[in-house]
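Supplied in structure tokens, the structure appears directly below.
Labels run A, B, C, D, E and F following the written order; every chain starts at residue 1.
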Amino acid sequence: MSKFTHMDNKGRPKLMDVSEKDETLREAVAKGSIFMSKDTLLAIVEGNTKKGDVLSVAQTAGIMAVKRTSEIIPMCHNIPILSVSMDLEPDFENLCINITVSASTFGRTGIEMEVLHGVSTAALTIYDMVKSMDKKMIIGDIRVVKKTGGKSGDVYMD
Amino acid sequence: MSKFTHMDNKGRPKLMDVSEKDETLREAVAKGSIFMSKDTLLAIVEGNTKKGDVLSVAQTAGIMAVKRTSEIIPMCHNIPILSVSMDLEPDFENLCINITVSASTFGRTGIEMEVLHGVSTAALTIYDMVKSMDKKMIIGDIRVVKKTGGKSGDVYMD
Amino acid sequence: MSKFTHMDNKGRPKLMDVSEKDETLREAVAKGSIFMSKDTLLAIVEGNTKKGDVLSVAQTAGIMAVKRTSEIIPMCHNIPILSVSMDLEPDFENLCINITVSASTFGRTGIEMEVLHGVSTAALTIYDMVKSMDKKMIIGDIRVVKKTGGKSGDVYMD
Amino acid sequence: MSKFTHMDNKGRPKLMDVSEKDETLREAVAKGSIFMSKDTLLAIVEGNTKKGDVLSVAQTAGIMAVKRTSEIIPMCHNIPILSVSMDLEPDFENLCINITVSASTFGRTGIEMEVLHGVSTAALTIYDMVKSMDKKMIIGDIRVVKKTGGKSGDVYMD
Amino acid sequence: MSKFTHMDNKGRPKLMDVSEKDETLREAVAKGSIFMSKDTLLAIVEGNTKKGDVLSVAQTAGIMAVKRTSEIIPMCHNIPILSVSMDLEPDFENLCINITVSASTFGRTGIEMEVLHGVSTAALTIYDMVKSMDKKMIIGDIRVVKKTGGKSGDVYMD
Amino acid sequence: MSKFTHMDNKGRPKLMDVSEKDETLREAVAKGSIFMSKDTLLAIVEGNTKKGDVLSVAQTAGIMAVKRTSEIIPMCHNIPILSVSMDLEPDFENLCINITVSASTFGRTGIEMEVLHGVSTAALTIYDMVKSMDKKMIIGDIRVVKKTGGKSGDVYMD
């Protein structure tokens, strides 16, 4: 038997059966960062203060991606998304933008993949919009930091 | 005037006009990693050797995501994808799987966002399939390492 | 604090939290029209009577669009669609086709955006199929006319 | 009145109203086959035994398609998919690969279209991956073999 | 023979054959408006000036929709989108927001449907984000105002 | 080395590199059938003659599916679709509806998968719309019958 819940006995993929799981409110929070030069970070922050939008576009893209996670991640269940909030914080000490995505669902399976997908999509969107200025950005530190409502109770990984 | 090519004069987003750019063959390569415990890495590698599939599912998901990048990243052009290849290498020294995605297009705009999207989707797919074993995985080091065919000639960032 | 339920404290978008709302049967009806020349209207109606299909294609497209609303409208929740019906009525007095879409869901949030999306997609589909005959069509009067099942009870806007 | 539940009184399509139906666990199983030359079948099986992947890619594609059925089939409801499993069996007697897809949902409408869509997508994916070797493959025998949880009780068609 | 280019001889839909058409640069511009109360318009404008985002989210959604038009409008060809720009102008005289979308492609068919889809999606997104304040908004006046690069030369409809 | 063009040296999937192939006009034709009871076939044909729509909805769904093939079939390239036509013929001798889909592209890779996807989607749509009348329908005989414009010249498989 496979050790992985998304594998059948032949080692091929399956969509794990969650029909026996309880329907509960489930929440998850993921974080990640996109690292860039000081000039690029300043340009985003200034643009954003005056009139601008890089972070707003990234936030919109991330929220939309949360809802479409099951289309992109093959063994991820399609679930109703009840809330998504996102925080994009410029960080001049570490020269990055820190991304936090929180979301909730009511159902039989968790929402970790959705918040991870939101974080990575927001990071990719920032990358896309400022890549003409900076060819050396790096996206990283993408991880789940909190997960509640599942069988294992509340879990904090941070 | 905005410093960003994806912004109009009001600081709102636009899809950058590429109609004046030359149609050329353009290629890009991106890399990234998903870090995990030694046990998880072993389980993937063993599963994969015997019969298994975590890496094959991730590779399929990553290639599919490359083709759908312009749906997910708001200011990314829709382009014909002429090739995608991917390499997933377990790395026991750094306790991670290293992901490399290469792709090419023939057109007026580059293919960096597509390979980055392929890397992040492959990483998220691995995460999803083994998350029942390991709650502390981290996805990182996602960056473009090579870009050819654009106005600026061949660029190697690694 | 923002006056808008889809905004966070920084004025950036969020998917409004509906987890505290009651699960109820919710219905909505939207209407709209596409205005055109008498010749175009006649061609659609005759084509349709004899054998034809402009309105059937538009109805199919509108129903499919209802189901995909949350993919296209960024802050719209993904919800189960329990029914969609549509009526397309040629109107020779006002030289237009009047479009009505009704739909229902069982859940925590309303279905107004879905019926509006159905109306506008049906109108766009008609436009597409007859635009070779008529370059001056106008789509308009798109609005919600009825909404039931929410906190505010039944609301009729027409 | 139309004999078809997906038709309105004008003979135009509608998404059938299922709001009065009971929410129950519903399962369905579909089968189908892709017929090919012996050489092609051998190449798939050998490739698959040693290292390979045609069947894994097909299985991934089929499971993903199950989740997206309501996007592709116009009058099919969007439903939560609770499980999908698939079996791909090379059959040297009939020179084909036999495909079986099982899936379950909890809701007001059945899951037959989803399993049929999974079967046909897996077959098309196999076709695509080996078509350079074999131009005469045929996909067939796609049908529902089992359906449980609906008003009519358990139905076995095989 | 059908009068409509998207119909076959049986009166059923087809995707019109454009293979004989010339590849040229083609542009189109569409306009439309969303009408609302003065209070709602003020809230959007104030929100937008200070920090805010309704119009930015609408602009992002509209641009994304331009790229996905061929998925939603059944007989619309899939084409490469080379540019999209959008303008959202609050209009206190007519109590509306005026939406203008311009886009270009290089290919064998025009881009009118894409700009119309961009306008209607931006309007729907505004509707969604402020509907808690205003239940009587109306979307209208959606039309093509300019079309260049096709067989019929430049056409101005406004 | 793999015998399959969609496999890399590790036996994992890749999107085959077509950048060296010639850009030509490429066409393909696929056929398939959905077999049903005489009563069901009569109901479709009568409905269709008088007012009806099962075949029109199926035709719309099939054409839309042709355009989205590369989203569903993992190793299929995204290509511009220049034309799609479809024929749905009731066949009382064999008690089925025969489906024929023709399509063309101008590019570096063929369009066989697209026409096969159109056939199977039209068949599934018919199945969905009449399944309340007939639980024993079978979809089959799906194959490519013609392919032109590729390296191997015109090929007729029927």
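The rule we apply is simple: a contact is a pair of C-beta atoms (placed from the backbone, for glycine too) under 8 Å apart; a residue touches a chain by one contact, two chains touch by 3 or more.
What you are looking at is a predicted structure, and each value in this text was computed from that prediction instead of being measured.
Enquirer: With residue numbers as the basis of comparison, which of the pairs A-C, C-E or A-E duplicates the interface of A-D in over half of its contact pairs?
Expert: A-C
Enquirer: Based on mean C-alpha positions, I'd like to know which chain lies farthest from chain C.
Expert: Following the centroid criterion, the farthest chain would be B.
Enquirer: So, what's the distance in Å between the C-alpha centres of chain B and chain A?
Expert: Inter-chain centre distance comes to 16 Å.
Enquirer: At what distance in angstrom does the C-alpha mean of chain D lie from that of chain B?
Expert: Chain centroid spacing, chain B to chain D, equals 30 Å.
Enquirer: Which positions in chain D touch two or more other chains at once?
Expert: 12-13, 53, 56-57, 60-61, 64, 68, 74-75, 80
Enquirer: Using the contact rule from the top, write out all pairs of chains that touch.
Expert: Final set of chain pairs in contact is A-B, A-C, A-D, A-E, B-D, B-E, B-F, C-D, C-E, C-F, D-F, E-F.
Enquirer: With touch defined as at the start, can you tell me which chain E residues reach chain B in the complex?
Expert: Interface residues on chain E, with respect to chain B: 25, 55-56, 59-60, 63-64, 66-68, 80-86, 88, 103-104, 106.
Enquirer: Any idea which chain E residues touch chain C in the complex?
Expert: Residue list for chain E touching chain C: 2-7, 10-13, 32, 43, 47, 50-54, 57, 60-61, 64-65, 68, 72-76, 112-113, 116-117, 120-121, 123-125, 127-133, 135-144, 147, 155, 157.
Enquirer: Applying the document's contact rule, which stretches of chain C touch chain A when the two form their complex?
Expert: Contact set of chain C toward chain A: 8, 12-19, 70-71, 74-75, 77-80, 107-108.
Enquirer: Would you pull the chain A residues touching chain E in the complex into a rising list?
Expert: Touching chain E: residues 53, 56-57, 60-61, 64 of chain A.
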